[in-house]
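In this document, chain identifiers A, B, C and D correspond to the written order of the chains, with residue numbering beginning at 1 in each.
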Amino acid sequence: MKDVLIKGKDLSAFCHNLQDSFIVYGVREKEEGHFIFDEIDEFSDSLEKYKPTILPPKKYLFPQQETLLRFDTEPHLEIKSVVESKKQVLFGVRPCDIHGIGLLDKIFTSDNEDSNYLRKRADTLIIGMDCMEPCYEHAHCASVGCLDIDDGYDIMMTDIGGVFFTTVKTPQGEEIVKKYVEYTIAGEEESERFLKLRSDRKGRFDNKIETEVSNLPLFFKNADNDPVWKELDERCLGCGRCNIVCPTCYCFDVYDCMDLTMTSGERCREWDACTLKDFAAVSTGENFRSTRGLRLRHRFNRKFNYLMTKYNTSFCVGCGRCTRSCPVNIDVIETVNAVINNHNNNHERE
Amino acid sequence: MHDFHADIEHITRVEGHGNIVIDVKGGKIRTLRMDIVESPRFFEAMALGRTYSEVAHITSRICGICAVTHTTTSIKAIESALDFNPSVQTIKLRKLLLNAEFIQSHILHLYFLAAPDFFGTGSVFGMVGDNKEDVLRGMRLKTLANELCALVGGRHIHPITLKIGCFSKNPEPRELSDFKKRIEDSRDEMDETVKFFKNLKIPEFERETEYISLTQPDEYALYDGKIKSSDSGEEIETSDYLDRVREFMVTHSTAKHAKSKRDSYMVGALARFNNNYDQLHPKAKESAMEMGLRHPCYNPYMNNIAQVVETVHCFEESICLIDDLISAGLKDEKREIGPKKGRGVGATEAPRGTLYHEHKLDETGKVTYANYIIPTAQNLANIENDLLSIVPTLLNKQKEEIIVDIEMLVRAYDPCISCATHLMKVEFVNE
Amino acid sequence: MKENNSLFLPEIAEVVSTRQLTEMERYIELKIKDTREFNFNPGQFLQLSVFGIGEAPISISSSPFNRETIGLCVRRVGDVTSALHKLEVGACLGVRGPLGNGFPVEKMKNKDIVFVAGGLGIAPLRSLIQYVIERRDDFARITILYGAKNPGEILFADELECWKQRKDIEVLVTVDKPDENWAGKSGVITRLIPHLDLEPSRTYAVVVGPPVMYKYVLLELQIKQIPEDNIIMSLERRMKCGVGKCGHCQINGIYVCLDGPEFSYHTLKFLSEAI
Amino acid sequence: MSKPRVAFFSFSSCEGCQLVVLTLEEQLLELVTLIDIASFREAMSEKSDDYDIAFVEGSITRTSEIERLRTIRERAKIVIALGACATIGGINCLKNQFEMEEVQNIVYGKMAEKFDTIPTRPIEAVIKVDHWIHGCPIDKDEFIEVTKALLLDKKPRIPAHPVCVECQMRENVCLFEKGMVCLGPVTRAGCKAICPTYNDGCVGCRGLIEDPNLSSHKNLLNEHGLTVDEAISQYMLFGGNSKEKYE
């Protein structure tokens, strides 16, 4: 489908109409200046410039708690897998979060397919909303190559001044545009305006990382003994917030929960966090990452080295949530730059 | 039974630990005492030196059942020390929360602690067999009240949102209106409750005493009011509470002199009913009528029935409060208030009677003095006097039956002994 | 999507026999209910479920040539393992697997093999040993070193004895703390290595034991100049899913469940958190 | 499996935790099909000294309580500390900041000596405890979790991580971001972050996590305007029993 134009004032109706066939999740201001994704029935354009939500929209694909199995132990053992999913639309997702979902797609499809995630993913339509300027001080999407995006959404809307220039990426996207909103085909003039705005924005998103992002695995490979981990060890509270708010963290715990009848129950998974103390503790008493510094080092390596090496893309999408949420101001960019600088200084000395 | 001795240890189905000692020789009562064996907890000392904003955290832990009332009263005392008057919205939210606590506490007491006595069983678990529907009704009503507490206060036991001058978080108007609907839908269950308690056979016994409660001209006083005595009808300011309360405390003590004719008084549902009947919601009055509770009433066992009446009242009152809150719209009122040097007294009706907190603060807001007077402590002397007058009438019964009757009377007061322990002075009355 | 093929859905298996090996260890033999043939490589593991309690990764301890039943050796350390100890014959439990890759048996063919098992480490090794014995001609010299804390904790003592009887296998057993009836060797397992006569280029050392053991055994093997690629170790990590998702068993860039649980020392050397 | 016999006991406390058990309502009725309640004074008259599992609420604040608690330990196979008073001493520990005579005098004046009182301690300071249900008051789901775990003979799933995890999962705006203070980062979770959810700082009623980073947390409180003394005073509200840890 050709690019289309949707008027700002029609977005609310769009949201509303989508509810005929989907649950619509969009952004809501929970408290002044703090946003969350929640079920919405209209879109208010005051939210167009929202700062990243407290939790990323991954919670609708990989919820905080999720049932995997149901079982009966009496009269005899029976097990059923449980996959809960409903047709849903994520409305107004930012590029960083779309990238985040794209990375989860990789994680949950490669090696072994996770049907609990994939079924929800298949039932989800993503309506993106592009960013023309950094949404807040912690954003560093451009630095990790996650500002520009041309995949991972069904439609993407860009405000080109009162009207949204809309790229339709998938057949499902085309279907909802045709069915649920008033639109016109974008003309030459609008396309040009759109392209110009896109290229103009570049200057506003500066590169905060003091190297090419693709170099990062190299820096991190040699950073196991970097003094930064010692410093963070003293500062980090081990509270796990950076993990919980991150759009690309996906670790989980699995546990059984019996019903009160004690003859049936379910197996569930729940978000876990690699910065928590017993994440890597085993029954023999060892804890393979026993200090907060080591655990944080692991987390940073996952974003900029381990997973990045395996999948050839940064696993930090630049939303800045971890920096914002860290009570003791551990800043992802500062930390990455410290690793780079310490490395360079070491080399100079050598 | 002319000679009779009973040590009723750890009276059950009440909150806190109390024992009753009765010694009857030759048909005459030689000893009759309600000992409080609950450990004293020294709250007045615990609060000392703490910052005014923390006090409610501490006082709430005096009692898990009336945590809302303790928190409210504490905050009122602090606000009065700070010379701060909360907004209408805050007061209405507090009243709503208090109504919810009344419903929850009364229902708990009525269905779970008092009712088993009438069914000759030791606990609500024993009632499940023959009266499952009644038990479940009690549970549903209690859940309703608990959830209303949670909506307004965060949780029922040790509420979170009650703050000096405000609520840390307001309920959403939508949540309130949803809840209103639930209360309205539960009116039937309330009617059933009235029928249920109407059919229970309340023992006949009368002993007129002095009834003390808060009072207000234009509402059934729970949240605030002047202190009223049924004897004189006189109303005094809460800040002068010691004139009223001390007066009767000292009558128990051999060391001090009585200033009043009476040596005990009653607080609680029946006292409020007797003092403030006019202000009851019409529906509550109707239910009183239906259950045979006439105004005034001097049968302490009827305290249970007065509790049912109050529950009906609180149901209706909650609905009105929710309507008011929604129509006025809820504003965020969160703010810092104080510190400031001062003395303040707060008085609130707890489900089981009038509660007083007094605090003195220094200029940095640290507590320099605290005094808490708890309803059950005020009732203890009256319970003993009731027992003194009822025991002689029971002496023709078997010991076990006597004990049941005595425990029932104590339970009718809905005593919360763990709250009361800081007023241990009562223990020495009859020594 | 094949939902009933969910990654997390176990098959039902039945306990067909059990044997208490020591106070802490129990041998459990299972049969998958819908009797499909059960193929696996030595060194692979299962996720065992006791429903209501949870799931735990347990290595397969029986011979891969036995396709009928699966043998497991379970040490009682926590919830699931204790529940497994309580299962009686006929009880049902859940099984996912086989998971992981197992030992690189193909590469080991025609080589001398030294097994170094510490304590429970014999559990996964037993499967490999049985494989090697079954295919005895495919392998050159075979040496089994086994160390236990004390004589009472020796696992599969009868089998060790059988293997010892064979001319074509050398078996050395040592205990850290001997008692008065113990006639064998004493001292930690590392002390057995210096006495071995090894030809480094054609030797594979397969080491499985508690994490503390690895460091010292590696030192000895390095003295013997065994190539890093030929030292194979099996790692225990916390593991929730066993299928490369939950993140718990991650060591630097690798997942123990997906990439292991057996690794060559060459691989592990570069992983700062591995040993 | 024969039904285990369960008893509830209460020492110095507000009895709020037992009340939480009573608010289980219909779940409680389901529970009593799985267990026999041998004694639950707050709810029933029948009582028996024959029990397997003892839930003990309240802290130890008198010499006479020590003996009573030891008897409970002897009779029960499993003892569970119920609520902050029992698990960490709770609010009752506030009195430990004074000498005991002073405490007695403040409240009872001339009659002070009649009231035996000793420094408040959690029950663990007197007897061995098998499980802990934290919180002031306890969370009812945790009570159910522990009871079910006992029936299944497994460790209850009680979080070891700090409150922040649950708080973020609920998508609360962190109080520190609003200029308020909170003990969530050093306090054991399990309460579903109920206080921050209602816009009030965590006061630490569930006790410290294992290995808290107190020095960093203290700095954080300082940055938010609390003096060292004020910060310690915050920790002391519920943490009075382990004062040394905080200093």
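By our rule, contacts are C-beta pairs under 8 Å (C-beta built on N, C-alpha and C of every residue); 3 or more make two chains touch, one makes a residue touch a chain.
Since the model is a prediction, treat every value here as computed from it, not as a measurement.
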Interface with the most contact pairs, given as the two chains involved: B-D
Chain centre separation (chain C, chain D; CA means) in Å: 43
Whole-Å gap between the CA centroids of chain B and chain D: 25
Computed distance of Cα centres, chain C from chain B, in Å: 66
Separation of mean Cα positions, chain C and chain A [Å, integer]: 39
For chain A, residues contacting two or more additional chains: 255, 258, 262
Junction residues of chain C - those touching two or more other chains: 52-54, 78
Interface hub residues of chain B, defined as touching at least two other chains: none
Chain-to-chain touches, reported pairwise for every pair that qualifies: A-C, A-D, B-D, C-D
Interface residues, chain D side, partner chain C - complex: 152-155
Chain D contact footprint on chain A (complex, rising order): 30-31, 34, 36, 54-55, 64, 234-241, 244-245, 255, 258, 260-262, 271, 273, 276-278, 292, 324-325, 327-328
In the complex, chain D residues that touch chain B: 10-20, 22-23, 25-26, 29, 32, 37, 40-47, 61-62, 65, 90-92, 94-95, 97-98, 102-104, 106-108, 111, 114-115, 117, 136-137, 194-195, 197-200, 203, 230, 233, 237
Chain C residues within the chain D interface of the complex: 52-54, 78-79, 82-83
Touch list for chain D against partner chain A, complex: 27, 30-31, 34, 144, 148, 151-152, 157, 160-162, 164-165, 168-169, 171-174, 176-178, 184-186, 209-213, 215-217, 219-220
